[in-house]
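What follows is chain A paired twice: with chain B in the first complex and chain C in the second.
Let's look at the complex of A and B:
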């Protein structure tokens, strides 16, 4: 048993490593294939040919692509992600990421918590009230929520809750490292903007899973055994319905990361998403590589966690 | 029992708690987000997020200049009427056509306490010229032969030939000629990039990548200590977020504004809008080395086949002026009629196209790029020109870095492009269209035009000089190596209580902080 688990863990880690390497390679070669030059951003349009050549030599950009990639992998394995070329010239990429990752993770986790809370309430209420007014309202809002893009929701929230009601700041984010209260307040609207479309799809999944499970045989058996309705709901209906629910949450994480890229810019959150945009426009290759790798690892990690939770909920999945 | 212990009521109360939690922290957070006391100015840098250096000699990005203008001074600067006036210099004069003499102010202190001398001026300018500095503005100073310092407060700049634009390039703008202290630069080396030492009203206190800049007033500033003790300059990448931040009370001043919102904002009493036609030009660049744009008839036909007024309305919501030449109104010869070649005239355009050696349906790709309004320039142009002339111009979309790379390498037929921040007429006509112009991606080379450029460079009298450039402009419009479209407005937004901001057409910013106050 212990051996099987260990073997599973090793296989899984090896899989993650290979996927990470493949992802890094795809991003690396795709970025180099795109036209553009970090020297233009760093040195300006007026830079002389000699200056540009010196810049390229300094950052090994004149080496063959495969050599550059090899250098990057070798350095990355030692934990060295290089230095920014063109958007924060000379700054260690690791420092840039370390400064920003907490903000992005905070907003991401905040958004997931909001989405899960909203969907647990709305999905359960809709399922228990199937065909009733609550169900109609909840499913209609969910349908609307799925079809609205998060940046649009972002601006709607700013106009309504920041400029209109004045409850939240319209712009700016206080890092959780500085003040937890400040970050919960200033992060609420951006987290909600990311959470809204997610909450909508979670609600729909949970509602249909609950309804589906409520009519299964084991539920009927439990009822005939004389268990109370709340025990049956918690133990037999909700528990089984949570498996597809959690799986969908895991799948949504990649959209969540995509969402933070846009939302961070609208709300002025100094996070990995906005760093990635700036780096992509400035062709700051080391930063793009490191950000992409970070996002990739987060998605892979979340998948593992989701598998673990599902296994806990349903031992048969082991 | 089960680890998951939600029932409906508990779940509901949890959500309620989650929703109210942030509000209970509101009071606490507010104290850190909106310190609008008189000692703090919150002047956002909107529309940009990249800063690579604060070293004037190496600056390439506009937000870098915003900060440099607050931290440094140059020998001269522009006043409200865009005339050159002394700054670190007390006075200046041409001793002869190739010798420009500056008398420096006495008692000017750098932030490190040292005193400004003529040696620092010589050092600063020679540093830009030094190949090792890799200054993007090296070419701007290449007319300089030697710099003499007869005494501690006199500087003589001797040029190879008479060179009128030099005075513009020595002003506190984007040409890297701000004065730096020799000792501090030699001591700090590359660290000077992020630890600038200048003579300006503000000292750089903090720089957080991607987040913002903090400045502190310099008590020994030669023009008197500024009213605001601290200036915070958050970097706000989205212009519309800059606007909502201003409306929400998080900032006091913006460096730009979204075009679409200006028509409404000018009616809003809670926001003060500063606007004027800027020093910029938006044009369709043509590659004269490739068919069909090696034919001047084809180029001229396109230039008359679209309505610039309508383009300004549709692309920038009326926030601009239709081009009447290549030079923006702030530096063009005033009171001139719009040349026929830049007037929308379908009949004349068709007649011109009929003279071209290429048929109307020649395959043409127009490169477009960037955020919405830049793309709309190309889209508007293509739709109307194709309609008027029956041409088959197609759009190829990219983004700025990619399109610019193709411009430089000559791998294009036509591209939407533009420049902002050029101040001297020679930068527009010479850089863009001169035979050796650093931004001549059009293959334009006309000896008569070259001769006029030379004449303009050696003419010291500003009025005569303007006439020369007007002549050059009319000549260039005959050849139409690029098609001028419009000059867009520059904008700043502020809270109404902020007083003392003077907007100049080159999008100045940091140089105004010292004069600002709440009133």
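Let's look at the complex of A and C:
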């Protein structure tokens, strides 16, 4: 048993490493294939051929691509992600990431918590009220939520709650490192913008899973044994509906990261997403590489955690 | 005459509403006495399962149940509120279902199921069991249904046990609550022959031990012969013949019962051509006709002109057929 568990852990880690390497390779070669040159961004359009050549030599950009990739992998394995080439010339990529990652993680976790809370309430209310007015309203909003892009929801939220009602700031974000209260307030609208489409799909899956499980035979058996409605809902219906619910949450995390890239821009949040966009425009290869790797590792880690939770929830998977 | 445990008079159950309303149980009447096993026999769609579910009020919301009389120990179940009905279920009226695997919550252990069921009915101000005792009681119940390693079984999840094993657990759980009436809805249909015998034997011994009244729903006459004191044969939502098991199996008064018997006998004999009841099974109307008339070998003009009423063949044996003099 312990051996099987260990073997599972080793296999899983090896899988993560291979996927991370493959992901890094895809990003690396895709970026190099795109037109543009970090030397021009860093030195300006008027730079002389010699300065450009010197710049390229200094950052090993004159080496063959495969050698460059090998160098990057070798350094990354030692925890060295290099320095920024163009947008923050010479700054350690690690420092840039360490500065910004807490903001992105905060907004991401905030968004997931909001989406889960909203969908738990809305999905349960809709399922219990199947065919009624609450169900109709909840499913209609959910359908609308799925079809609305997050950046559009972001602007609507800014217009309504920041500019209109003035409850939240329209722009800027206070880091959770400085003030938790401030970050909860200033992060609410961006988190909600990311959460809305997720909450919509979570609500739909929870509603249908609850309805599906409410019609299982064991629910009728539990009733025949005299168990009450709240006991049955909690232990027989909701308990089993959580399995597909958690699975879908895990699947949505990758969209969540895509969402942060756009939303950080709209709300002016100093996060990994906006760093990545800046780096992409400046062809700042080391930063792009590091950001992509970070996102990739987050997705893989979340998948492992979700798998673990699902295994705990579903004895048939053990 | 003592009050029967369960008295059902003109039970009618329908689903849906308005034009799409369809009646499944079309006026069923019977008595079930304390400690008696009554077989409810019929083909799929005859309304036997719905009859059982109607008594326990376990039907979905779109079902509509009405009865001239539906009493448990003289108490009208129609007037019992939802809360009291919930209290009666399990403690007084219980049910064993057709699919043992689906009867259990896949996310919970066997022990959880039994302990929660016991806890629902025996712990509380009037209960004599403390929560800590429940596990021991549960293990004892499992031993009584011949489960050798009760602790291990209780720690298992439903998918780790066989259908026969799960049905044993369910029987242990249901009879462990000591209900006065158990409705068994084809409890052996999904099990293989050998296990079926064991489960029937188990139900019989538990029923005798607790002196429980059992309404045994089945489509299998052989099963009924082994288990039931009396049988009621259902056709298209009505009981067409009811009486002591021996008498009905030896001298069936209704052509449908006779057909069922002939089918069962031809199955037992090798080489013999299989007997079948002609025509399509399924729900047909009783309005101004006998619902079985289209398939009946003894059909006469009267059968399609009026609805047959119940006639007594002899004391305790009655039939709904014109071919018997009233």
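What we mean here is this: the second predicted complex is superposed on the first by the 318 of 318 C-alpha atoms of A that agree within 3 Å, B and C clash if a C-alpha of one lies under 4 Å from a C-alpha of the other, contacts with A are read in each partner's own complex, and residues count from 1 in each chain.
In this text, a residue touches a chain if its C-beta (ideal position, glycine included) is under 8 Å from a C-beta of that chain, and two chains touch if they have at least 3 such contacts.
If you're wondering where the values come from, they're calculated on a predicted model, not measured in any experiment.
After superposition onto chain A, partners chain B and chain C are found to sit side by side with no clash.
Superposing both complexes on chain A places the Cα centres of chain B and chain C at an angle of 150° as seen from the Cα centre of chain A, in steps of 10.
Applying the stated contact rule after C-alpha superposition, one finds that A:43 touches chain B and leaves chain C untouched. Shared-chain residue A:239: touches chain B and chain C both. Of the two partner chains placed by superposition, only chain B is touched by A:185; chain C is not. Judged by the touch definition given at the top, the superposed model places A:224 against chain C, while chain B stays out of reach.
Of the two partner chains placed by superposition, A:252 touches none, neither chain B nor chain C.
Shared-chain residue A:278: touches chain B; no touch with chain C. Look at A:289: by the touch rule set out above, it reaches neither chain B nor chain C. In the superposition on chain A, A:119 contacts neither chain B nor chain C. When the shared chain is aligned, no partner comes close enough to touch A:83: not chain B, not chain C. With both complexes placed on chain A, chain A has more residues touched by B than by the other of chain B and chain C.
Once you line the two complexes up on chain A, you'll see the smallest CA to CA distance from chain B to chain C is 10 Å. Across the superposed pair, chain B and chain C both touch chain A at residues 235, 239. The touching residues of chain B, when paired with chain A in their complex, are 2, 4-8, 11-12, 14-15, 18, 21-23, 25-26, 28-30, 32-34, 49-53, 60-61, 131, 134, 136-139, 190, 193, 208-211, 234, 236-238, 240-242, 244-245, 247-251, 398-402, 404-406, 438-439.
Within the complex, the chain A residues that touch chain C are 216-218, 220-228, 231, 235-236, 239-240, 243, 313-316. Residues of chain A that touch chain B in their complex: 34-37, 40-48, 50-51, 54-55, 86-91, 96, 99-100, 113-114, 117-118, 120-121, 124-125, 128, 155, 158-159, 162-163, 166-172, 174, 178-179, 181-182, 184-188, 230, 233-235, 238-239, 242, 265-268, 270, 274-275, 277-278, 281-283. Across the complex, chain A is touched by residues 56, 58, 86-91, 94-95, 97, 99, 102-108, 116-117, 120-121, 157, 159, 170, 173-174, 177 of chain C.
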